Structure formats: structure tokens, C-alpha cells
């Protein structure tokens, strides 16, 4: 009804009507030009392709498929790479639920995992995404070494309290931090019962060198002063189908990492892949402080039948850098 | 009538004392501002807080300001949370910080209105009848008095507005303290993971707030010569209020420490031991006994509710209230569930740095500056109300 | 001089200790002679380097850098003569079988991959000459072809091994078969290796609760496990729809306290928004009505 009246009014007003027609024509013309240009452009690309074939590149797509692309079809993304990675990093890898298993009977505090992690994430010696702790549950029980990282909880208390969605949980279970958005309130640190989070109190390691580099949210690199960082389950490596930095670096076969949906975890040292459910069942796996209801994605196998005797850590604590 | 106006408003002038005091504040302000600039430049590393004890003086101070409902809390909020704009841009409804920012803003606006509305008739009267009103303040008073003529309709609007505000401020005040307590109670940390943290903080705020009011009363009475208007009776009554709220606070303290202390769950046990006989024991007992128990006992005596002793007691209570916030914030962070290992020593024990202390002082200086300015430019005690209580009609006598 | 002496003494002691703790890792004689059947190429060395960095470097360090892990028994730098003087077959055997704490790479690297790692190591060994594969052709093993199928009735994966002889294909008996399933970070061995029967078949129980993709598809593989080197490597891969269809929802599908703002619990959004609207409605109402005070004066005047 309304439309009708508008139509009528337009027809009664010749100036309006003509203006409308004019706009219409412009639109048509524009579409025609665009189509023509598009055709010309694709033709041009086709020509170029014909001219220089053979130079193909193998690329990894977002859904982890290898594709072969002619190098001519590749063009730099006009979008800001930081932004692009931020968007990609918000979505997990579809159909996956990452899970880590830590076998305490094999840990002898070699700290190779820590070194690899700190190297990858540009951390100072006193900054841990992953730390090996000397544990003793009660005076009567034996001490053991326990690697402890972010537990990537399914009910993450740190994410609940974040005021700005800077830390978030992805569909594949990983809890990430967007350092570009973090306001540095440190509420997540206060909320985490596993002390998994660190803060950049002073300028991050080599911050001068990395200044201006595109920020990769799946690696938290370059690190940013006044923001939070923590274990990311090496989200960047998971995307490439590689095991996390710490898992691959362990010389003693402590770490297993895999996909709960596949019911499989792969040992980082032996590269042996085993069934997750069987590994957990056969070894009496447990989780850290499950009574808090955080639903961690990290499992621990108890330190029984140890491969190495317990040795208290002798290394000095690092100085603040 | 003129005498009342003079008595209650003669402080509105810029004398030598004012300039000296403001000069001192400005100097201190600049010194502390330097510290703050250092922090902006080099990051929070200039403070003593580190990965485990990541909330220190700043948050303790913020909680203290919220508790004593000082204007400084807003400043403190800004100091503590740089990038406040972000909070509103990406605000998550689930985060207590959003609630806190919302509640503090609301409470601030309501407080400002409650401060301003009763002052409208005063400013109209002073504009017309107070000869000593500094000339540069006259246009300000003229604008802010909103053409007040004591018209019945105007009175009706003011009274109704104040009435609504007084109703609004009750839930707002309860919310501000409760939500601030939730910044802690909504985590699982031993020492914070408590269901009574809301009322605990509300009652604590009553104690700190009452003590602050008594100190301010004493100060204005002394400096602005208001003995006839802020009488011993006022102090006596405020003393009674303080005793009452301190008792309530004591009651919540007993609950807060006895209940986990009876069961001694592992993490709670470590926390309580650190408080009562460990690293924080001296502060803890000074605050609990010296800052709460002894003041309660003293204030039971009428003599102690005279202006001077009551003010001294209030000062002690207010200082203890500050340290109480420190004891709520810091020890709970010093002992997380998992051991603190392989980190530098300054990560394990918290000691505030000079810069951190200076920045904390900065917020206090700002509060003092704001209070000084407000009390120098506006009447501290409502003139018209006092006059009407004494059966006088300021504007009418003006017309006659 | 004295210092040098001490260093030498220390080295001798260390060596002795290593020897004492490592009473020998004996390679069966019939394994020592095994050689690579193709000539090492630069490409192979390159592939070997990549594999080495991924699988070996964490313990053995980068060759010639002597930055191997400080564990006992010492992994050692593989560019040193200790490895250099070993025969190809010995290196191959050690990589294949492993010895605690060194993992066995039997199921991690294919034979070709193991050889390329050796080709990479050999690039550091001065004076090494690769045995001529041509001459050794006689020692080539049997040629085996594998096929794989799922037996629905027996719930078994049946692998058939066929030997390709001069006279045509013949069922291969006694070939040790390994079945593995492809997972995200590597292949999972299904059960212990099994020899083929008289008819060339080996059957593997298929766990009925094994997760596949959304439609139940699983990528399986089977290969001949051949520690004696009497057979050439044979492998078969296939996609079978025999897994449990697994389509678990994304972990962020539900509304939760920890979710993003858009997925906050409904009651929380409502409570917050309503509370803010109600309180600020009154605040704005008061501000507007207070501003009305000015107008009253004007009305009075006019």
C-alpha cells in the first residue's frame, strides 16, 4: 500500500521520476562497466597464467588441506595481517577437541619443554607458560616433578571474569588471549586456580627487535607490555598438524597430545599414537583440582613405576630480566 | 539570618591559608605525577606487584576508596584500569568489572545530584545576600542556582527529586560495595572464596565511611568555625553510629575467620596461618585489635564520643580500614593452590616500591584537592535548611 | 699442561662410565649387512635433515654442534666417528628398534624415511662410501602386495598379502602385518603385528567404539613389518566407513558464564540491561525535571 502511494507520487512528479530513472541508468551503466572490467580482468589473468605456468606453490589452507596454486594467482592480502590472524584465531579448528596427557612417572625435570616454549613465545627465563613444579601431596607421600601449564578448562574461570572478551575459549577447547584487546586488569590471573597466567610487567624480551611485527594471536607473539600471556596449546602448531613446542621438545616421553574426538593422543618423544581412553584407564589418570569444577583439558598419569628417581631441582631461580 | 549565612559561608573565599595548602598539594601532586608517568612509560614493572601477587596497593586502595565512598574511587578506577573506554566497547555482561564500572558510575552520578540539589536554594540565597561572595564565583552561583525563586513548584520538584534519589542511593550503595566484594568472591582463591563477602564489605564500608565523615566533620568545624552548627551532640550521635556498625563488622569478621579456621581445609589453613602467625600477623592483629576491637570498647564510653577523642579514634579506624583492605587483597594472592617455584624472589614476596607508594599517595592528594576545592567554593552545611529549622525564611527576609 | 691432563682424565672417565653403563647394543649379524637400495641423493639428504630435526634433534642435538641432551646413556653427537664407523645396516637397525630411552622408529618413520635420515648423517662422515646398491641387488627381498578389506560379520579388518613372483602372484604366508589408523598427529597401530596365514590373510579385531569422522570414515593402512629385511617394504592405505560417526558440537556452542558477550546467559543480559535502564531512567528523569526549575522562573516572569 505504502509502496503504491510512493510510486504514484513519483509518477506525478516528473522531476523525481526522471531522477529515479537517471539513477537507475547510472546503476545499469555501473553494473555493465563492472561486468566488463571483471571479464577483462579475468581474461587478463588467464592470459598471464598461460604465459607463465609451471611455477606452482603448495599452500596450507585454513582447514589444513594442502593445495597447489599457481604463483600468479597468489596476491598479498590487502587486509591487515594482524587483524586477519585475530579473526582466524577466534575460531578453533573445526571438529577438534585438543587434550594433553602428562605422564608424571617419566618426568625428570629436564626442562626442555620450558626452554622450547620460552623460545617459541619470546619469553624471559622467569616467565613460564609451562613450569615444572616439585610436588609433594602430603608429608608421607613421595615427591615428584609436575609440569604445569594452562589447563584449558572447559569451564574457564579466567574467561568468565574478563571484562572485554580479550581472553576467550575456542570451539576446539583452547583458551587464547588477544593481547591487542587486553586492558591489563589482571582479573584473569586472580581467577585462575592453577597460576597459569603471566603478565608483562616490564618490556617483553627483545621487544625492540620485534617492534612493528604483525601480531599472531595463536602464538601471542610479539608479546606486549602491560598484557597477559599464557600457554596456548601451541594453537599455531595444531593448525599445521604439528605437536606443540613443549610436547615435541621433551626427551623423556612425558607428553601426549591429541584430539579427544579422535580418541587418540601422540607421544611427543616416541611419536607413538595411542588411544586416549585406554591410556587414561590403564594408568589411573586424574586431573588437577577437579573439585573446583573447572573441567581441565589436561590429564595427569600418576608418578608410579618411575623411570627416574626423584631429584630435587638444583637450578637457581632465574633473575628478573 | 545574616549571621547564619555568614557563619555557614564565610569560608567561601580564597585566603592565604588556602593558597598555601593548595600550593603544598600541587607540589606533592606533581612529585607523585612523576611517579605515575614513570609507570606509564615503563609499565607496571616499576611497582612491586608480580605474577603471583598481581593485585597490590592499587587494588587495595581502590577498595578502600570504594569503602569510604570517596570521590577518589573514580580516579582510582581510572588509574587502575587504563583503557576504560575499551570496557564499554567490548563489555562482557558476565564480568564483575563491567558491573563495578557501571555501579560506580551510577553511584557517582547519584551522589553528585544529591550534593547539588539541596545546594540550589543555598546558592540562590548566597548569590543574593552574601556580600562576601567572591566576584568570580557569582556567575557560577547564578547559573547553578537555576533561577531559584523558592516557588512552590520549584520546591516540589526539588523535594520529589531528592526523595527519589534517596531511595535510589540505597540499592546503589549496597551494590557498589557488594559488586566490589565480588571482584574477589567470584574467584576460587582461599581467603576470597566466601559467600559472606558482600555483607562483609558493606559493613566494612559503613565503618570506614562513618569514620571518614567524623574526621571531615571535625576538620570543617575547626577550620570553618562551625562549632554552633556541628555540635557535640552531632559527634555523640556519629560515635554511636560508628560503634553500631563496627559491631556488625566485628560480627562478620568473626564469621569470616572462624568458619574456615574450624575446618582448616588445606589452602584455607595456609592462608589463615599466614595471617594470624605468619608474614602478615603483625598487621593483622594491629588491624583487628587496634583498629576494631579497642575502638569499639573505647567508644562505648560517652567521654570518648566527644569531638576530639572521637576524631582520633576515627583516624585510627580509618587507617586500620586501609590496611584491612590490604590484608584482604594481598595475602590471598601470596598463597595460590600450587607452589610458587623457579621464579625470582621478588615474585614470591610482595613489597611495594617507592613509585607504587607515590602513585597511591597521588590518589589521596587528588581526593584532598577535590574536597578542598568543593568546600572552598560551596557551603558545607546547607544554609537554607538550617535557617528553616530555626524558623527563618531566607528568601522572604530578602524580599522584605 | 696440568689442565689438559685433567680434561683428558675426565674424558676417559666419562667414556669408561658410558661404556660401563652401556654394555653394548648388539646388532644381529644378519642385520649389519642391510643396505639402502637406492643411491643417496641431495634431495634425500635434505628430507633426512628435516626428519632428523623433527625426530632426533631433541636428544642428539644438531650434528657437529655437540649439543646433545645430558642424559644417560649419552645420546652422543652422530657426526662423530662412533656413529661414522658403523655400517649402514647397524644404524638402520638401531633407528628401527630403538633402546630405552631411545624410542623405536619402526612405526614412526617408513623405511625410506629411515634411510634418508641415514643419508643425512652420512653427509657428516668423512671417508664414507655408500655400498653399491647394484651389486647388492641379489640380496633384494621378496616383493609383496597388500590389500585390505573389512569383514562385517567377523568385525575384523582382513589384510591379504600376495607375493609377486616370476610366475605370477602367490599368497604370501608368514608376512608380519601391522595395521594402523590415521590420526591427526600420527598413525596409531591397531594391535600387535600378526603373521599372515597359509592363505595369505591376517585378521585384526576392529574395536566397535573407534571414532571415525562425521560419517564414520576412517583412514586405515597396513604394511609388512620386516625386521629381517627379507621383504621389500609394502604398504596399503584405504578409507573405510567403519568408525563410530563422531560429530561432537563445538565447545562454544552453549551459552555460558565464560562465553563471549553474545553468548552470555540470557538472564544475565536481561538483569544487567533492565537494572541499568530502570536506574538511569530515574536519573535522567530527575536531571530533566531539575532543569525545569529554570522554566518556572520564566513562566512567573511572563
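Descriptive notes on the structure:
Going in written order, the chains are labelled A, B and C, and every chain counts its residues from 1.
Operating definition for what follows: contacts are C-beta pairs under 8 Å (C-beta built on N, C-alpha and C of every residue); 3 or more make two chains touch, one makes a residue touch a chain.
None of these values were measured; they are calculated from a predicted model.
Chain-to-chain contact here is organised exhaustively, every possible pair of chains being in touch. Distance from each chain's C-alpha mean to the overall C-alpha mean is smallest for A. For the pair subunit B and subunit C, the distance between C-alpha centroids works out to 61 Å. Subunit B has its Cα centroid 43 Å from the Cα centroid of subunit A.
With centres set at the average Cα position, the gap from subunit A to subunit C is 21 Å. Residue numbers of subunit C whose C-beta contacts span two or more other chains: 257-261. Shown for subunit B are the residues in touch with two or more other chains, namely 90-92, 94, 98. Among the residues of subunit A, those touching two or more other chains are numbered 157, 160, 165. Across the complex, subunit A meets subunit C through its residues 92, 94-97, 110, 112, 154-157, 159-160, 165, 168-173, 241-243, 248-253, 257-259, 261-266, 269-275, 307.
Across the complex, subunit C is touched by residues 90-94, 98-99, 102, 106, 109-110, 113, 117, 120, 146-149, 151, 153-154, 157-158, 160-161, 164-165, 168, 171-172 of subunit B. The residues of subunit B lying in touch with subunit A in their complex are 42-45, 47, 49-52, 54-55, 80-83, 86-87, 89-92, 94-98, 101, 183-184, 186-189, 333, 336-347.
Interface of subunit C with subunit B (complex): residues 257-261, 264-265, 268-269, 272, 276, 279-280, 282-283, 285-287, 289-294, 296-298, 300.
Across the complex, subunit A meets subunit B through its residues 126-128, 131-135, 148, 157, 160-166, 181, 183-187, 189-191, 193-195, 197-203, 225-226, 288-289, 292, 313, 315, 317-320.
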